[in-house]
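After this come two complexes, each holding chain A, first together with chain B and then together with chain C.
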Partner chain A sequence: MKKETGTGKIDVTICTGTTCYVMGASDLLTLEETLPEKILNRVNITGTTCLNLCKNKEDKPPFVMVNEKIISKANLESVKKAIQQELSGEKNANAE
Partner chain B sequence: MNSFIEVDYSQKWKSTERIPGDIFLLSRDKTEGRIVCTLSDGLGSGVKANVLANLTASMGQKFTTSKMDIIKSAQIIMKTLPICKERKISYSTFTIVDINSNGKAGIIEYDNPGFILVRDNKIVQTDFTVIPLENRFPGRKEKLKHTELELKSEDRLIFFSDGVSQSGMGTAAFPLGWRRPDIENFILQQISQKRNISASELSKKIVGRALLNDIQKAKDDITCAAIYVRKPRKLLLLSGPPIDPDNDIHLVNNFVKFQGHKVICGGTTAQIISKGIDENIITNLKERDVDIPPSSEMEGADLVTEGILTLSKTADMLENKESWSTMKPNAVKKLITLFMNSDEVHFIIGTKINEAHQDPSIPVEIGLRRTIVNRIKKILEEKYLKKTTLEYL
Partner chain C sequence: MLTLNNQSNYIRKELMIKLLKSFFEGKLEQEIDRIPIDMNPKDSSTYRCCIYKDRAMIRYRIMALLGVSIEKEDNEYKPLKEYLNEALDRKNIDRPVMTVLDTACSSCRKVAYTITDACRGCLARPCSTNCPFGAISFINGHAQIDSDLCRNCGKCKDLCPFNAIIHTPVPCEESCPVGAVSRDDHGRMCIDYEKCISCGRCGRSCPFGAVMERSQIIDVASHIKNGTQLTAILAPSVIGQFPGSLKQTIAAVKAAGFNVLLDVADGAETTAKLEAEEFTEQQAEGKLLATSCCPAWVEAAEKHIDKMRDFVSSTKTPMYYTAETAKKLYPYNKIVFIGPCTAKKNEALRDSSVDYVLNFEELGAFFIARGIDVNDCSEKEFDNNTAGFQARAFAAAGGVAAAVESNLDAEVRKVFKPFGVDGLSRKNINLLKTAAAGKLPYNMIEVMSCEGGCICGPGVISNPKIVKKKLDKYKEETA
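What follows is the complex of A and B.
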């Protein structure tokens, strides 16, 4: 699947496939509403039909990707934390 | 005749009654492609009328579908039905329509308003033969009207109870009821406004107008049936990746070639097609439902949904005709709407098992795709009279 890149924003991809959905992805759909506005402006939230991680026995669904980072057993808290981390990572990179 | 014959009806009961005194019955023989339908209007209204109309319509259906000649069955009905001695009228009137797979139609009418045939946006007058009946009432000749027709593609046949033609009777606007030329004009108008208006919609419009003539309080049972001969509307549904990945290309080809609406139910399947036709999938994250994953969009497909959960829920909803109409627009409702707007559904089911679904730590039971699709197929055929075909890849 092709993805829009180069938006300068942090890409957050929520998997809404069967396995992720039954393991709680439906809660993650509200992510947009739970983020403060200044963070919201810096993320690009999309869904995907399957990240193809569910076939892998080691990781546990539901899955969310924050940029290149895979979050397994994702919930709103862990996704927010990962976004924060990416944001501060960017800041550090800019400062260098 | 390479056409689909859509039949539907609409009805409003007399405002003071709880059950209809008009009955419409339809049967479709799947193997022969034959259609028989009967509209019967019982004398008066309420329970008695309902029983009589039911009796008449059921006889009409039974005899006619049992290969009995349509004229013969009408004669038997006339002999069997009780008559009202005082008012010297029969207890029910009827119209029976019998259409074979080549579009050859036989129509028998007894005292119902005559049917209307629309061809090339014009009303067509048809010849009929009169079949005299045995004298049941002295001094009153009774007859059946028998018409034979060859239906053509895009033809429409409309017939109704006198609740339609007598609607508005006595009001300033319609002192003599809704007269035939006016009904005909109304029908032509509806068709010119929407060239491919469905039988279901047209019958609803006619009944709606008749009810309006009665100032929204039906003075009699109002029933209208419509038949529309049209090109079959086709739907392709893909679900599941092929067991052999070499067949992915077949899946893509089938998808591209298909003429009609196209639906993909399943994330992996959607990705195979997306790759094959080089189009993005965009998930509608605003569609929130605890047990139905959001649908997605992809150029070239009419709908993309998740697989098993959506299909299971769809099967449940289809079994329960009423409940889905009030659902908010989610993947299941979108899928059902596409089913309802199709006459033929072709399923291509990939049989590769998703091992993730077999994981014992998953809290809900995820059924087998094959089983669920077969269930949907059966409901569509038996309950919604759709033609279906299925192939495994």
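What follows is the complex of A and C.
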């Protein structure tokens, strides 16, 4: 499904399965408090039970999805960076 | 102190999960000596000088997780398999609580001050003029510190007009509130266990992960595997440590292999009640009372603050009373305390019927190793009374004093003047010395070794901000 650019919000899905939680996801749940309001208005942050990504041995928990993109061994900074990338991606799409 | 999540504790958690998983699958004896290589296979990126050192450090980490005192290693040829079998054979836990991986220690510089290239070799030279130890000289127009003379006072840094002198702390030494950390002849960290209060700060602050707790996971896992009846007693701070609800966590702990589960917050109610009675007596005699539920603090008072001994409450801890109940209800079960605390390991050895102590990180590793997702568990209740908010709030700084206050008679409550010492730092140890000398205008002192209280203990998983939210929610629900 193609996202509506400009108006659509960026989906940030934080896995709070037990594996992700133990390996550091609780920090990620403070994401909302650490984002500036300007960006906060453009993201939709949700928690989810296990995304089953931990079953793949190559990638490491905790996992976060920013739109379609999977971030493994996520921390607040890597998630923020991915949000920024999605935002600038949208901007470029609008400019075209 | 390091952040809650970092690469060093990530590796520790990974290892714990690997060990437990392999143990429950019955493969640990064959696999254990391969783990250092599995964790650092050929061509993997390294943290230290080479993969061989990384592998060697993993070996020592496994030893600490098996409960070995690494300082006592006298046979470097000994395979991990032998350490495992010794751990499985042992009947009792012993001291000390911590262990130092001396080869992981990076021997941080003895002199904590460095003169950088920003030094202009000025004419005024406030650094060398004012150094009380004559440790600064000038070579080629550049200030230099003589490491034999420097006493780390920091005056030079404060006086340099160019900010050319930087302070590089030694994290373990700086974090130890009681001066128990020193160096051996090679400059490597060692702990003076006569002074140590088992607060766990050094372990949490070393960026090289060179200090670890001696874990009891293998002892508990082997009881689970052998079908021993186990009673787990869960610290009040369990709230918010895992995803899902508290009742789901209870179910998860049972699924992990614990037969009976008691809420330590129930014991906290007894502690608050008895401490309120004690306060009333002390108050009548015009004496100060200090809380006794934090074992690191009690040990600090005993070992380091002479006069404080008379003021520390003789009331036992919530863990003690809960273990007493556990023993009465299920006399033949082994008792495992699960909490956020390092010092509880010491308390369990000293004064209680608790057989083993795990922390929340270790409990989390049990969940993962046994394939338990807390979110999927149906809700269950504790096998004793579920405590109210006040007892649960023992877990956060300020909570103990509040619980004691609510147990006081109205008349006594009027004269209740509490003071909270939130975190044992060197500064706060000095403050407590002043309090012991009767120089502070308070009559009740609540001391938490960890800043923020137990919810910020060395063995927690969850960000304290998240825990506080869950604690507030619990307050609403139980009101």
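As a working rule, the second predicted complex is superposed on the first by the 89 of 96 C-alpha atoms of A that agree within 3 Å, B and C clash if a C-alpha of one lies under 4 Å from a C-alpha of the other, contacts with A are read in each partner's own complex, and residues count from 1 in each chain.
Assume a residue touches a chain if its C-beta (ideal position, glycine included) is under 8 Å from a C-beta of that chain, and two chains touch if they have at least 3 such contacts.
What you are looking at is a predicted structure, and each value in this text was computed from that prediction instead of being measured.
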Touched partner set for A:Glu33, first chain B, second chain C, both or neither: second
Partner chain in contact with A:Thr49 - chain B first, chain C second, else both or neither: both
Partner chain(s) touched by A:Ile14 [first = chain B, second = chain C, both, neither]: first
Residue contacts on chain A - larger count, chain B or chain C: B
First, second, both or neither for A:Met23, with chain B first and chain C second: both
Common ground on chain A, meaning residues reached by chain C in one complex and by chain B in the other: 16-19, 21-23, 25-26, 29-30, 47, 49-50
Contacting residues of chain A [partner chain C, same complex]: 16-19, 21-27, 29-30, 33, 47, 49-50, 75
Chain A to chain B touching residues, read off their complex: 1-3, 14, 16-19, 21-23, 25-26, 29-30, 32, 45-50, 52, 54-55, 57, 61
Chain A partner contacts - residues on chain C that touch it in the complex: 4-5, 10, 13, 242-243, 252, 361, 364-365, 367-368, 372-376, 461-463, 465-466
Residues on chain B engaged by chain A in the complex (per definition of touch): 266-268, 270-271, 274-275, 278, 280-285, 288-291, 293-294, 296, 304, 306-309, 354-357, 359, 362-364, 366
